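These are the structures, in structure tokens.
Next come two complexes built around chain A: one with chain B, the other with chain C.
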Partner chain A sequence: MLELRNLTVHHGSKRVVDDVSLTLAPGRTLGLAGESGSGKSTVAMSVLRLLPKSARVDGQVLLDGEDVGTMSWGRLRAVRWSSASIVFQGAMHSLNPVRRVGDQIAEPMRLHGTPGSVAELLEQVELPRDKARAYPHELSGGQKQRVMIAMALACRPRLVVADEPTTALDVLVQAQVLGVLTRLVAEQDLGLLMISHDLSVLASTCTDLAVMHRGAVVERGRTREVIAAPRHPHTAALAAAFPVIGDPAHRWTEPSPESTREPLLAVRDLVVDYGRTRAVDGVDLEVGQGEIVALVGQSGSGKTTLARTIMGLRAPSSGQVLFDGVPVPAKGKALKALRRQVQLVLQDPASALNPRHRVADAVAEGLRVHGLTDNLDARVAEAVERAELRPASLYLDALPHELSGGQQQRVVIAGALVLGPRLLVADEPVASLDASVRGEVVALLLRLRRELGLACLLITHDLGLAWQVADRVAVMHRGRVVEQGPAGQVLLSPSHDYTRALVDAAPTL
Partner chain B sequence: MNRAGKAGAAVLAVAALVAVLAPLLVPADALDVTRVTDAPWRPPGAGHWLGTDHAGRSVALLVLQGTGTSLFVGLTAAVLSVGIGTLVGVLSGHFGGLAAGALLRVTDFFLVLPSLVLAIALSTVLPRGLGTIVLAIGLTSWPSTARMVRAQTLTIEARPFVERARALGGGHTHVIGRHVLPSVVPLVLVNATLAVASSIVAESTLAFLGLGDPTRISWGALLHQAQLHGAVPQRAWWFLLPPGVAIVVVVLAFTLVGRALEAVVTPRR
Partner chain C sequence: MVAVLGFFLFRVVPGDPVVSMTRGRPTTAAMQAELRARFGLDRPLHEQFWSYFTGLLRGDLGTSFTFRRPVADVIAERLGPTLLLVGTATLVAVLLGLWLGVRAGWRRGSPFDRVTTGVSLTLWAVPTFWLGMLLMMATGDLFPSRGMRDTDTPPDFVSQSLDVAHHLVLPSVTLVAVVCAEYVLVMRSSLLEETTAPYLVTARAKGLRDDLVRRRHAVPNAVLPAITLVFLRFGLVVGGAITTETVFSWPGLGLLFYDALTGPDYFLLQGLLVVTAGAVVVMNLLADLLHGVLDPRVRAA
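So, the complex of A and B:
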């Protein structure tokens, strides 16, 4: 049904897609895996000739035997959506915010004169009929994504291309959306080309798998076989980046010595309100010296607010945060002194670094704030090398945009380390990193704990990451910690329903 | 920088040179009404490229002499207005809360008042002089800068690197000095360039209305004189046109440079 023959795409002189050949038959699902910049989205766009004019496309894209590249404009318009459609990346940006979703789903049907009912389509994606009258902002992320899928199905295409359909969704919602897609493929005999950086997502939905690296397909075959016995090192790296919960080989952390269990950080009955919403509702939590505690939960569960409050960036409504047995001060010199002890690592390193500051300045920022300017250069260089950017001299003069995501995150970590903290609060430290660097950053965190005795409160929605590094896991749901305990116990034999749902929804290879 | 911007910059360089060299180019006697020997209202011709005014002074020399005053008032008033605007904008954007609300209401107050009327009122109340003109223009034209700087401050403050700076222990001075100001400055510079243009126009307007410094020659003051002494009934276009064209050219040059800078500091994405 879909056949790519020696597809090559150039942007200017840069080759983004390099001699890609793929085939997809009806009723089959093909996963296209790769890191950012591997050219996988470009392949998706070329299927419906949606690339910008500046892109040079060589090779053939055959849709039901017809070359998309040589179609007339009118024929192309007819083919778009009625024989192949796309579920775009980022549903929140692909819907028109000022029109009802029902009208938006109906738009392609009107254009192509296809009969059908919006209500039926909504039912197919498991949304109630009356949601047709809703505006996009009234829907949750998962609902919007399902609207996008309904829209893609509107003209009964035979091929659906889904570009990162579940990125930015929570595990539970992701599982629902993937379930809908899988069911539709089976029911309607669709061909599905699914693109993702997340091998575990593809593994749970696709029968066939192709792995892209730097524009070229480096490995392809049946999903099960590719993942079980990867032949290309890049595939192996991608597969290794998604730890299997319960697999001892993926548990990288060493058990922390029992003697260090006197709490470094203690949260007592903490409540934080945003206006009328209660974001954190009576949380008790402890982090021992040199201990790694993972705080897991969906977005909106209050875990980030909790982290901000622990850092003293937000005032609690009631309750206490104790650091080393002393309440965290609300402001002034005492709070500043505390901030040498507790450091924050944010999710997206690209935005956590001022684009105008060189690495040396970004790392030295904390030292300058605290007036520790003697021996500045040596301290900065030491911290940069500790964060595994070696040799430091190579990086000190670089601006953030000249570095890769993994390197940027190391700079953020170096900036935190330079103050000699005892606790690191890391908010999704690897969520925005590519699979291959993710493992390295995780290993860095563990090494810092081993060498410096650094405790870490790890905030994540990724249970695999929790399994990989955490000594203890606390599960947060609607502002409350519903379960906490040793990682093995919480993740392998969860006692709370919500934890069980989370663990079940986590995609596995 | 684009071609129009370069042309603008060249014009400004010439104007600045003229302003600096005016005392050398213009003989002291030539502008003294009591010592001028030429006949009044002479049309352009040999000896007087741009003719003479009601007292027999050379219009060309008057325009050269006026360059300095117009540029000086334009620049200082722009610096004053952009300075106030940046201060108010950064403070209200950074601190928020009640004080920021108050500052914003003050900004709104100045924003809805017709600034020319306010400037006229100010310059009639205050003692005559160059300082008054600068003050009148500077105090009335800052709100738009304040609004823009505040918006930029708010976007920067929402960026994670500011949160990181706070988590590192950085206080207000640190956040403003290291993060907010450096990212606001390019915008402020662009705004200042454009503010110079509008300040020159404002100065000309005030001087034309006779509210300027009577002891100094500026382009606006020349137009005021031309109007006062009946250049129109005399059909002395050569007295009206040169100062007017000078204003247009310099203002256009500042605007072109400002727009070109704007394109440089806000790259399209």
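So, the complex of A and C:
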């Protein structure tokens, strides 16, 4: 049904896709795995000839035996969506924000003259009929993604290309969306080309798997065989990056004696309201000296609000945050002093760093704010080396865009380390990183704990990460901590229903 | 705030209203003093302000020195011509500007884009009065260049309207040339921002023709910032057509402003400032309301 023959794509002089040949038979599902920049999305776009004009495409893309590259515009428009459709990544931006989703689903049906009703399509993806009148911003991430799937099925194509359909979704929502997609593919006997950086997602949906690395397919075969016995080192690296909960080999943290530990941070019966919404509802939490505590939960569960309150960025409505036994001050010099002790690492290093600041400036900023300017250069260099950017002299003059994602995150960490903090609050520190660098950043956090005795409150929706590094795990749901305890206990024998649902929904290899 | 600013701002304008009022006529110091007393100009500044401010609250804008009539009446009389001129010009400029901007932005770098952007920038940079005078010279006797109507036009409605329309051509073309450029550039840049939006890829993948992608998906999003600008500008243009109206002696608020400044006619100036500032505020409000109607994301918030 779909056949790529020696597909090669150049952007300028850069070869993004390098001699890729793949075939997909009707009713089969093919997973295409790879990191960002491996060319997998370019392959998806080339199926319907959607690449920008500047891209040079060589080789052939055969859709039902017809070469997409040589079709006339009219023929191409007729083929688009009716023979093959695409579920784009980031439904947030792939839906037109000012038009009702019902109209957007109906648009290709009118265009191609396909009979059918929007209501039925919405029901197929398990959305209520009246959502057709909603605008994209009125839907949740999972609902938008299901609208995208309904839209992709509107003209009953035989091939669906899904480009990272669940990235940026929570585990529970991801499980739902994947469930809908696999059910529909099976029911309607569709061919599915699914693209993801996440091997575990592909493993749960696809029968066949191809792994891309730097534009080329390095390995392909039956999914189960590829994952069980990867032949190419890159496949092995991708597979290793997704920790299996319960597998001792993936538990990198060393258990430490717990009894004598002084609580460094203590949250007592904390309540935070946003207007009438109660974001954090009576939370008790402790982080000991040098302890790594993972705070897990879905988006909207109040994790980030809790972190902001701990940092003193938000005043609690009631309850207390104690740092070293002293309540976190609301403002003034005392708060500033506290901020030296507690540092924040954010999810997306690319937006956390000022694009016009050199690495040295970005790292030194904290020192300047706190007026610690003596011996500035030496301190900055030391922090940069601690964050494993060695030798520091190579990186100090670099601008963020010259660094890779992993290196950028190290710069952010160096900026936090330079003040000599005792607690790091890390909000999804590896979520935006590629599989192969993710492990390195995780290892860095563990090494800092070992060498500096740095405690860490790790906020994440990724239970695998919690398994990998955390001493203790606290599960947050609707503003409450529903379960907390040692990582092994919470993740392996969860006692609360919500924790169990989270653990079950985590895709496994 | 506007009233306070207007009051003190215009007191700083050089010139003595009583002197200019009596210019060319033999006057004695006693007569001047009497005039001053009649307009309250002999009292201390803070007392003058207080009586003006309390009057303003009652809806009384004071009396004009030059026209010897209530300011509100003078302004009301001039409002119609200005609205006619500015309204026509804005309507034409919006339609033309948005259309050109969409065409230029969608085919970025094309000859059409380059010509449109170049011409718009040039017109924007040209001084209004100079452009007006050039237009007058270029068109010769084709269009009347002074005032709003001829005295010898028959009094029936049709010929009166035609006469006004005939007079309207030059001033509105001048105003369009100046205002339009901004709409073109804003529309073009906001469309350019949308051209890389992922939902346009979705639309193309659905098999939509290029012009449908533009009309149904890109423009409805890109037009939102432009709409806000249109309304903001409209508020400003009501008071800002000063040069155009002066060049073509169009009997609107702009010309009135110019005349009042040469006085200086304090009460008239203050009244005009209040009215034009009010126009900006009202238009701002309208822009916000309209934005809410057009953008579902704002409607929810």
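The definition used in the following text is that the second predicted complex is superposed on the first by the 507 of 509 C-alpha atoms of A that agree within 3 Å, B and C clash if a C-alpha of one lies under 4 Å from a C-alpha of the other, contacts with A are read in each partner's own complex, and residues count from 1 in each chain.
The rule is simple: contacts are C-beta pairs under 8 Å (C-beta built on N, C-alpha and C of every residue); 3 or more make two chains touch, one makes a residue touch a chain.
Predicted model only: the values in this text are computed from it and were never measured.
Engineer: Counting only touches as set out at the top, which of chain B and chain C does A:Asp18 meet: first, second, both, neither?
Structural biologist: Touch partners of A:Asp18: none, neither chain B nor chain C.
Engineer: By the touch definition at the top of the document, which applies to A:Glu126: first (chain B), second (chain C), both, or neither?
Structural biologist: neither
Engineer: Please indicate which partner A:Leu50 is in contact with in the superposed arrangement: first for chain B, second for chain C, both, or neither.
Structural biologist: second
Engineer: Figure out whether A:Glu3 sits in contact with chain B (first) or chain C (second), or with both, or with neither.
Structural biologist: Neither partner.
Engineer: Would you sort A:Glu385 into first (chain B), second (chain C), both or neither based on which partner it touches?
Structural biologist: neither
Engineer: Applying the touch criterion given at the start, work out whether A:Gly415 contacts chain B, chain C, both or neither, answering first, second, both or neither.
Structural biologist: Once the two structures are laid over each other on A, A:Gly415 reaches chain B alone.
Engineer: Based on the superposed arrangement, let me know which partner A:Pro97 touches: chain B (first), chain C (second), both, or neither?
Structural biologist: second
Engineer: Can you give me the overlap between the chain B contact set and the chain C contact set on chain A?
Structural biologist: Touching chain B in the first complex and chain C in the second, no residue of chain A appears in both lists.
Engineer: Within their complex, state which residues of chain B touch chain A.
Structural biologist: Residues of chain B touching chain A: 159-161, 163-171, 174, 178-179, 182-183.
Engineer: Note which residues of chain A are touching chain B in the complex, please.
Structural biologist: For chain A paired with chain B, touching residues are 311, 313, 335-336, 339-340, 343-344, 346-348, 351-354, 356-357, 365-366, 368-370, 412, 415-416, 419.
Engineer: Using the touch definition up top, name the residues of chain C that touch chain A in the complex.
Structural biologist: 197-199, 201-209, 216-217, 220-221, 224, 294-297, 300
Engineer: Report the residues of chain A in contact with chain C in the complex, numbered from low to high.
Structural biologist: Chain A residues touching chain C: 45, 48, 50, 76-82, 85-86, 88, 90, 93-99, 107-108, 111-112, 135, 137-138, 151.
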